[in-house]
Structures are given as C-alpha cells and as structure tokens.
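Multiple structures are listed underneath, in structure tokens.
What follows is a pair of complexes built around subunit A, which joins subunit B in one and subunit C in the other.
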Partner chain A sequence: MPPAPAPSVFAGTANVIAVLILLAEFGMFRQALLRDQVRLYAGQSVLIAALAVLVGAVQQLPELYVLAAVTIALKAVAIPLVFRRLLRETEPEHAEQTGHDIAGTGGLGLASTVLIGLAVAAFGFFTATALPVSSGGAPVTALSVSVSVILVAFVVMIHRRDVASQAIGLFSLENGISLASLVVAPALPLLVEVVLAVDLLLAVVVLGLLIRLHHGRAETLSTADLTELRG
Partner chain B sequence: MLPEPLIQVLQVLTVAGAAPGISGVIARVEATLQGRHGPRILQPYYDLAKLFRKEALAPEGASWVFLAAPVAAFACYLTVPLLIPVLTTFPLPLGYMGDILGGGFILSLASFLVAVAALETGSPYAQLGASRAKTFAAITEPVVLFVVFTVAMLTATDLPYALAATVRASAGQIVRPAHVLAAAALFMVILYETGRIPVETHSGTNEFGMIEEARSFEHSGPYLALLRWGSAAKQMILYTILLNVFTAPWGLAATRGAGPVLLAMVALPAKACVLGAVVAVIDDSFAKLRLFKITEFAAAAFLLAVLGVFTLYLGGG
Partner chain C sequence: MPVVAIVLLALPLAAAAVAFWVPPRAAGPVTAAAGVASFGLVLALIPAVTRHDVTALGFIRIDALAAVFLLATSFLYGCVGIYSIGYLRTGGEHEARNRRYAGRFWAGLNVFAWAMLVAPAMSSLALLWIAVEVTTIVSALLVALEGTDGAAEAAWKYVLIASAGLTIALLGTIFVYYAGAQVLGQTYNLAFTPLLGVAGRLSPAVVRLAFVLAVLGYGTKMGLFPVHTWLPDAHSEAPTPVSALLSGALLAVSFYAILRFYQVTQAAIGPRFPRDVLLAFGVASLLLAALYLFGQRDYKRMLAYSSVEHMGILAIGVSFGAPLALAGVLLHVLAHAAAKGNAFMGAGVLVRKYATKQTGLLTGGLDLLPWSAPMFLAAVLALSAMPPFGIFRSEFEIVAGGLAGDHNVAAVLLVLLVTVAFLGLSATVNKMLLAPRPEADLARGEPSAWMVVPVLAGLVALLVLGLHPPAELTGLLNHAVTALRGTVPHGTGSGGAA
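What follows is the complex of A and B.
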C-alpha cells in the first residue's frame, strides 16, 4: 500500500477543526455539570465559527465572516446565556463542590459508550464518503465528519438520561448540520443561515421552558422516572 | 566526520545521561507551579549516586530473578535508543534492526521483567502494582496499535525514521488530522506509561492508587538505582519517540559531522525539557483519576487513535 498523500495545509487544518468538533460531541458523553455541558456546546460553536472564517478566507467567500460572527453571537453567547438563565433554579446549590448535577446519567459505562459512539461515527464516515459531493467550501472529508457529529449527537441524546444533556445534544446536532452546510453549500444565502440560527434560539427557549416544567414536577433533571408514566 | 558506531553509542549515552535530568526538571517545574522551591534539578543524579553506594537487600525466599530483573530491564531500556532517531535523521547501522513494534516489544519485555521481580518479593504492594501495571497495559495496547496503523498508512512502513522524514517533508503532513490525532493519542499513552497525572501520582509515598511506582518497593541499593534510572530512561525514550518521530523532528544531525551531532545532543534534552514542562503543567492542573476510571482515560486515547485511522481511510486525513 503506498503512503497516503498529504492533504493541502488548508484541507488538513479544516479537517482537524472538523474532527475537534466531533471530539467535543464525544465530550458530551461525560460532562458532570450542566454548566460544563453548556460550555462544551459553546466551545463547539466557536470551532464552527473558526472553520467558517478559515473557509471564508481561503475560498474567498466574505459572507462566511458574517456567518461566523452570527454563529458566535448566537450559539456561543446568546444560547448558553438564555439556556443557563432558564435553568438557573434547576441547578443544585452546591453543584460546583459536589460535582452532582447531571453526573452519572449515562445509561452505560463511559468506555462502552465511547465504543458505541465510535461504531456510529464510523458508519457516518463511510456512508458519507459514498456520496458524490464536490465542494466549493470546506473539504469533503468534513462532510463525513459532520454526518458522524449528527449521529453521535443522537447517541448523546439516547445515552444521557437527563433532560439538559438531551437538549444540548439536540443543539449540537444542529452544529453538525452547520458543519455539513459549510461543505455542501458554503454560499447559501446568509439570510437562510440567520433564520436557521434564530430558529434554534426559539428551540432553546421552548426546550428550556419544557425542562423547567419537568423539573417543577419531578424535582429532578433525570428522565429515569418518566418510564413509570406508561399507560 | 564521526564513525557511525560512535554516533550510535552516543545515542544511548544521550538518553541514559539526560534521563534523570529530565525527571529533575519536571519535579522542579512542578514545585515552582505549586509555589514551592523544590529539589534542585540535579537531585535525581545525587539520588542515583547515593543508591549505588548503598547495600542491596533481597527479601527472604526471593530467587535470582529478583536481582537479575533490574539489570536486564535496564539493558532493555538501553537497547531501544539504538532503534529510534535520537540524534540523526539518517538511519544508523542498527537502526533498522527493529521497527516501532520491535521497540515496543523490548519496552514491554522490560516491564514484564520488573513485574516478575515484583511477584518474586511476596510483598502485597509490589504484587498489586505489577498486576495493575499489566492490566492497564493491556488496555492501552490497542491505542498503541492504532497509532502504529496510522504511522503505517502515512509512510507505508512502520519505521520511526520514515515517519520523522515524512513529518519534515511538508507543512501539510503536520496539520493533517491523522498525524495530529495519532500524536495526541501517543501523548496520552506516554502520560500513562510514565505514571503521570491523571493516571498516577509520581511523587507519592505508599498509597492504594499506586501502579508503576509500587513495583520497586522491595528493591534496594544499586538494584533500586537501576530501576529508578531505568524508569527515567523509559520516560526519556518515550519523549524522544514523541518529539523526534511525531511532533518535532527538527534539530537532528543530517550528516556525520561532529558539530551537528553535538547540536543534536543538546537539542534533544532541550526539547524534552519543554515537553516535561507541559507534563508538569498537566500534573498540577488535573486530579488523579480513580483507579477504575483509568479505562475512561484509555477510552479517550483510543477514540483519538481510531478517528485518526478513519480520517486516513476517507482520503482526507
């Protein structure tokens, strides 16, 4: 087998950022505090913005700078703020010291979950490679990574049995879609992108209110009790 | 122009000579970060000199294996520097004697010998340490394998010299995700193998969480010195592999001239000190993982290594 040829510096860097976004998704398997989970999501969004700036600079697409600014303003600042504010009263008072908040809500051990996540990510990787996509934006490998991000986000939502992580999983799924759009349609009209982002903000408010409702009734963020509600 | 065998001997001497110093630098940086003055950098050398002058004792009932193991393990650690690019960019006569797996086997042999010696003692602490070291080594083994797969796909060989040359070839080789991920996974394995936080406290006294450090409890005198020196040499070897093969293969001698070789003999410890400072910062900023959480650490390293291979298969890695 001949050595794998090196990608260009741009493709390599863009792919590294895409893989970091995927790793942030894997990180959501284990965060023990709601605050850290939200921070991880904000970090993942910053990575999306960084990728948008990189693609914009290299492929001469200045509107991607605006997209990056909107991404940071909404996903890295506004959404975490709104989400934390909505859930303020659900956080236990001494969460910082005890580390008990949303810790240990995983349905399986962490190592097993990582293996499942890897299998799912591999499926995403190799199915997306089969798609005949040529890109004017981020390199095509990033598309495969984005499919993996979306699938792993599903695993996060299935694995974590607390409403907060499930909501964050849903938001980060949208990050995966943003990543895919940077590959498939980097020149998508800016208006559409902004509408999508504002839509997400709406989802955050709705989910935040639902989580509050759940917490008000069950006194916990865990969804373990909900299984007893079967009719 | 230096003869090649001499350079080869210098490789071994550089690793063996600089190894305790690197441990000293790490201990010093760690102490400084904690606001302590800390031991002097040369302290590990003084410790070794002291231990070599002391009397050696063996527990009752321990066979010759107990005393032979430290010597044999130390010999293993001195063999590996022959196989990896320590000072030169070009392979030395014995350089192709073994590939990355060969070097790995020799390191495992050394660790096996120390574990057998620990079993010989009959001391529960030493046995526990040996048993744990072997158990967790089995968990980190897949990570190392996937790192080797990545190297094999990047260079079509599994020779450390070839990967170092590939990394030097172009900037694209450095930023490609497969390389970054493999280097990160290897770094995590090195943290485990050298017994650093988050896996193990390095400077602890008796405690239940001990792994590698517990194995040498019953040794004393020159044998303990050899074990200590050996584990410092192992740390230096692993640092050399990470630096001269994966992350920073610069500063190596490209010719057999005395100047470049001397420069390389200074450059490697300097790079190792920088890496050691990074390790010290990690040591000071994370808590030790509970013993049964070490699998999670290994799982994270495995994740990085496997993703590296995936991205290569996609053609974009």
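What follows is the complex of A and C.
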C-alpha cells in the first residue's frame, strides 16, 4: 500500500535534514569542549524536530507538531540544561574561559576514526536499503541514513574515552532511533513518544549522577582508568 | 481480580515513598512487608489467570506467562526485603553515612522491584520496553550505591551497555509497530493481543529483523553472550541483596520480553527461525559461562557467570520448542530465581562474615556459619542441577524435551556444558566451605537471623519445585506453555510440530 506520491522537494529536503543529522554525529568524534559536545547534541535534536514538522506538514500528521515541540523542549533545552548543571561542579576552576576540555580523548587518530565511521555508515546505509519498507512518513532513504546514525553513534561511544562524550553518544543513538521512527512509525502514538522522551530525561539525570560520582573519585572525566573490571 | 493486579503494581511504589520518608529502621520492615504481600497477591492471581487473562485500566494484562515471571520476581522481592534488614544492620558503617545510604537503598530497592513487577504486567510492547528501561536506570543507581571505585565503574559500564542494548530493542519494537500498523492501521498502539491475532499477515522480513534486534537488545540485559559484558561487574559490585534481585529477577524479566517477541515471530513466520536464533545465542552463552566458572577469584563474579550459564539454558530450552521443554524453561525461571537468590544471599553472609569477596581468602565456612554455609552449599548444588532441587527437575524436562524433539546434539551439548559448569562451581565452593581455616580469627555464629530466614524459605521453595510442584503451579505452567506455543497460522507451511 504505497502512500500518495510525495513531492520530490519534500523528499529532497527531508533527506538533506537526515544527512545533516548524520554529519552532526560525525562531529561528535572531535568536539574538544564538553559545552560544544552538548550543543552539537542539542542541534541534532533541533534537526529531528525540524524533520518532524516537515513530515507532519506534508503527510498531514498533525501530532508530529506536538512531537516536534516535545523534542525541542526536552532534547534541545531540558536535557542539555540538566546535563550541564549536573556536571557544573566537576568543571575546572577556570571554567569561565575554557569550559571542560575533553579534547584528545579519542582512542584512535581522528582520521582513522572518521574512516571507520564512513565505512560503518556506508555499511548501514546500503544494508538498510535492502529492507522491504514503504513509508507513510519521511522518505525511505532517511531510514537508511538513520541506521548509519545509529552505527556511527556506537563508534562515538567506543572511540571517545571521556564519560561525557560516551553519554552524549548514547543520547544521540536515541536520536538515530527517532529518525528511524519518523520513517517507519510516524503515527506511533504520541503518548508513547512522550513517555520515551521523559524516560530519556531520567536516564540523563542518572548518567549525570554517575559522572559526578566518577569525577568525585577519579578527579577526571576520562575513562582511561576504568580498567579494573573486565566483564 | 483486576483490583488485585492494580494493588500489586501500586504497593511497591507506595512502599518506596514510605521507605524514603520514614527512618531507615522502619523502612526495612515496610519493604519486607510489601514484598511478602506482593508475593501473596501474585499467588491470589494464579487461579484467575489460568481461567482467562486479567486486565485492568486498559494497559495491564496478566496472562499465565506473565504470572510465572511475576511469581519469581515477587518471591525474591519478599525474600530480599527480609534479608536486607539483616544485611544493613550488620553493615557496621558509621551512623551518618549509614542513614543516607539506608534511605536510598530502601527506596531504590522498592522502585526496582516495582519496575520489574510492572514489566510483565504491561499489555503492550512499548510499555514493556519502558518498564525494562526503568529497571536499568534504577538498578544502575543501586549498583553505584556502595560508592567505591569498582561500584562507580560497574554502574557506568552497566548503564551504558544496557541502555545501548535497549535502544536496539526499541528499534526492534518500532519495526514491530511498523509491521503491525501495516495491518491494523495507524492508530495501532503496540498492544500485544491484537498483534498476535493478525500475526499471520505481518511482513515476514520485518518481523524477522525485529526479532533479531529484540534478542540482541533484550539479550544485553538478559546476559546472553556476546553482549553480557556488563553483567559480572554489576553483579559483583552491587550491594549483595541487589545482586540477588538482578540475577534472579531482572534477567528473567528481560527473558520475558524476548519470549513476547518469540510468540509474535513464531505466529508470523513459523517457529524455525526464532528457535535457531535462540539456539545460537544460548549455546554460545552456556559455553562461555561454563569455561569462565573455572578459576574465578571473586565468588560474586562466579555466581554472575552462573547466571549467564542459566540464561543460556533458558534460550536453548525455548529453541527445543517441545511442550515438555517449554514447561521446563518456565519451571527453570522459578527455580533459578530461588536458587540464585539463595546463593547471593548466602554470598552476602560470607561477605559480612569474612569482609572479602576473594575466594582465596575464604576457608572453613562450614565451621563458622552453622546455618548459612550448609544452605549456601545447597544453593550451589541446586544451581548445578543436583536432585532433589527444582533446577534438576527443570533441566531434566528441558533435556527430555530436546531429545524427544530430535535435538540430540544440542541436548547432549547442554548436558556436557552443565557438567563442566558444575565442576567449576563445586571446586571453588568446596574449598571455600570445606577446607579447614588455619587461623582462629573469627568466632562461630551467624551475623544476623534476618539473613537466615529468607534463605530457608528459598530452600523450601527449591525442594517443593523439585519434589512435588503443587497442582496449581503445574496448571499455571501448562497454560503458559500453551500461550507460548500459540497456534501456527494457516498457509505458512512451516508446520507446528516440535
């Protein structure tokens, strides 16, 4: 049951937004300041909201406007605020000028990581293209991009060795799921979506508390010394 | 009966609120009472769920399958509630830290138990996912509660790996929604019953993808190889009562989520594919755990690997598919909850007595602990599937079901690896308990009677499950097996014979 043929301008715009979301994910490989990392995540969330508005307008799904508003309120405003407030007391004394320095926490060189990210993203993109999915929401290409976002988010979490980037990587992983759900499940009941977002906020608080605990004991945001337990 | 279900889900939350505000001394009895009461409520639900599903408020639905998992969780909730009173009293920290610690501990324990009771009672896959995610968040805080370096690291690993895994499970859930909405329309809300009703018309490729994502995602929380890596660390660093709940109840709840996806997948594309997936994960987990059980130097980690082993057995049991094997799997969930709860509660007594988790520093347990040491030994023997305990019966049923269904290789492999695991477990435990202690530095005696009584209850449960399961329980398990086997849709040609 194919949906009404979508105008190509819509498909093009939606795909551009999806690719921008993927680019934001790549940006997380190298952000040097915690503040910028959080801002990048907030920006990525705004892109998700923009795509939700676009899909809502074109496919006549008004509940997506509410979803966009909730996304902005929680993921672009509340979560970055809460996260940074929780981490404020872990900031170094000269925080006013520089903020948290999380540069150079990558496990590999930047170029190698970006190459790995590209390979993973291409793998995800072409694998997802083979899925027999027809969309009532965003164009199907965006689903392929979302799989790339999810896989690259895993690379971010593996590559960066500071607790803040790992947490942001986890949140952006969830953004990848949001992108996928705009394609395959645009009409997913709003209530479920809102509960999911609130749940994410809860996770942010817990991750923030754990980061404080870690910082309080280790005086650093690096995970390089978390090697005692080996599964 | 709907009232009983609502009370069951409201009670732990109320207990958490009370436990947070009253002094720690009162919070313990409140928690224990809530735990025992919820076990009683689940028992009261059993006759009703064997007649028809209990539904309430539109989002609560308890069938026989869910009731099995509620039974395991509420039993451990009650036992651990009582046990923790003794565990905290023997903590011996100075008063100020103890008060804050105890307040958080009791509130967290109740919320954790609440989330684990809510998960099986939910009528939709989305709510189930949310409940499981809440269990991660709450239990991560509980793992971090000790505040040591190890606890902080374990909690960080746990929350990051388990949440990332659950995100994959969410993707699986969204694909199930997509498959369901194609048939049921855009207003579909991921409710389970209508989905199962139309399962024959779901897109096979999408269902297959969703099942693999769900097994990988929920399997992360369940502790299946290769996504089990958070599990030994979290189990070892958490306060011991929390370890008992993590191992006996939380892993089972994640397994329950996989079973729901299994039901849908089986009804949509036939049993072959989901069984193969579970068999692969199960054998790998069992193999890894059996080997890791040798030479563990931390006995809480050793018990954690034993959990990976038993989760592998559950996955293999489902892959056999025969009614006898499935009945064995569900009995195994109950017996494992009782046995692993007992083993961790016994380990907690050892931690209190010897103030170490290292197996090398621990000798002469049987001389020093007149009650806890024999019961710890009994729990370890039960975990090794020795008769007359419940796990012997359940593993026997699983293997018999596998042999009856022509899964000879897998059944033989299961028996072999379980034997290897038994060797690893018993070698370590024998040394801990039987080797005489050279120095006479510790006096004979139990740290607290509160830490003995719930273990006795667990032992009784293990014996009942092993020797003579009550008729009501057998009836419940049979109903759950019928639900789990489902009806094979017409025209798929994959056949329902096990």
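Here is the rule we use: the second predicted complex is superposed on the first by the 214 of 231 C-alpha atoms of A that agree within 3 Å, B and C clash if a C-alpha of one lies under 4 Å from a C-alpha of the other, contacts with A are read in each partner's own complex, and residues count from 1 in each chain.
The criterion applied here is as follows: contacts are C-beta pairs under 8 Å (C-beta built on N, C-alpha and C of every residue); 3 or more make two chains touch, one makes a residue touch a chain.
Owing to the predicted nature of the structure, the values given are computational and were not obtained by experimental measurement.
Asker: Will subunit C clash with subunit B on subunit A after the two structures are superposed, or do they fit?
Answerer: Because the two structures are overlaid on the shared chain, the partners are seen to fit without clashing.
Asker: Go through the superposed model and pick first if A:26 touches only subunit B, second if only subunit C, both, or neither.
Answerer: first
Asker: Applying the touch criterion given at the start, work out whether A:150 contacts subunit B, subunit C, both or neither, answering first, second, both or neither.
Answerer: The second partner, subunit C, only.
Asker: Between the centres of subunit B and subunit C, viewed from subunit A's Cα centre, what angle do you get? Round it to the nearest 10 degrees, please.
Answerer: 150
Asker: For A:214, decide between first (touching subunit B), second (touching subunit C), both and neither.
Answerer: second
Asker: Once the structures are superposed on A, label A:185 by its partner contacts, choosing first (subunit B), second (subunit C), both or neither.
Answerer: second
Asker: So, does A:140 touch the first partner subunit B, the second partner subunit C, both, or neither?
Answerer: Touch status of A:140: first partner only.
Asker: Should A:121 be classified as contacting the first partner (subunit B), the second (subunit C), both, or neither?
Answerer: The first partner, subunit B, only.
Asker: Of the partners subunit B and subunit C, which touch A:15 in the superposed model: first, second, both, neither?
Answerer: It touches subunit B, and subunit C stays clear.
Asker: Going by the contact rule set out at the top, does A:51 touch subunit B (first), subunit C (second), both, or neither?
Answerer: neither
Asker: When the two structures are overlaid on chain A, which partner does A:199 contact: first (subunit B), second (subunit C), both, or neither?
Answerer: A:199 contacts subunit C only, not subunit B.
Asker: For the combined overlay, can you note the least CA distance between subunit B and subunit C, rounded to whole Å?
Answerer: So the smallest C-alpha to C-alpha spacing between these two chains is 19 Å.
Asker: If you lay the two complexes on top of each other, which residues of subunit A touch subunit B in one and subunit C in the other?
Answerer: The answer is residues 1 of subunit A.
Asker: With touch defined as at the start, can you tell me which subunit B residues reach subunit A in the complex?
Answerer: Residue positions touching the partner: 153-156, 166, 169-178, 180-181, 295-296, 298-300, 302-304, 306-307, 310-317.
Asker: Under the stated contact criterion, what part of subunit A meets subunit C in this complex?
Answerer: Listed in rising order, the residues of subunit A that touch subunit C are 1, 131-133, 136, 150, 154, 157, 163, 166-167, 170, 173-174, 177, 180-181, 184-185, 187-189, 192, 195-196, 199, 202-203, 206-207, 209-210, 213-214, 217-218, 223, 226, 228-229, 231.
Asker: Subunit B touches which residues of subunit A in the complex?
Answerer: Residue positions touching the partner: 1-4, 6-9, 11-13, 15-16, 18-19, 22-23, 26, 30, 110-111, 114-115, 117-118, 121-122, 125-126, 129, 139-142, 144-145.
Asker: State the interface residues of subunit C toward subunit A in the complex, per the touch definition above.
Answerer: The touching residues are 126, 130, 133-134, 137, 140-141, 144, 147, 149-150, 152-157, 159-160, 163-164, 167, 170-171, 174-175, 177-178, 181-182, 186-187, 189-190, 203, 205-206, 209, 228-233, 236-237.
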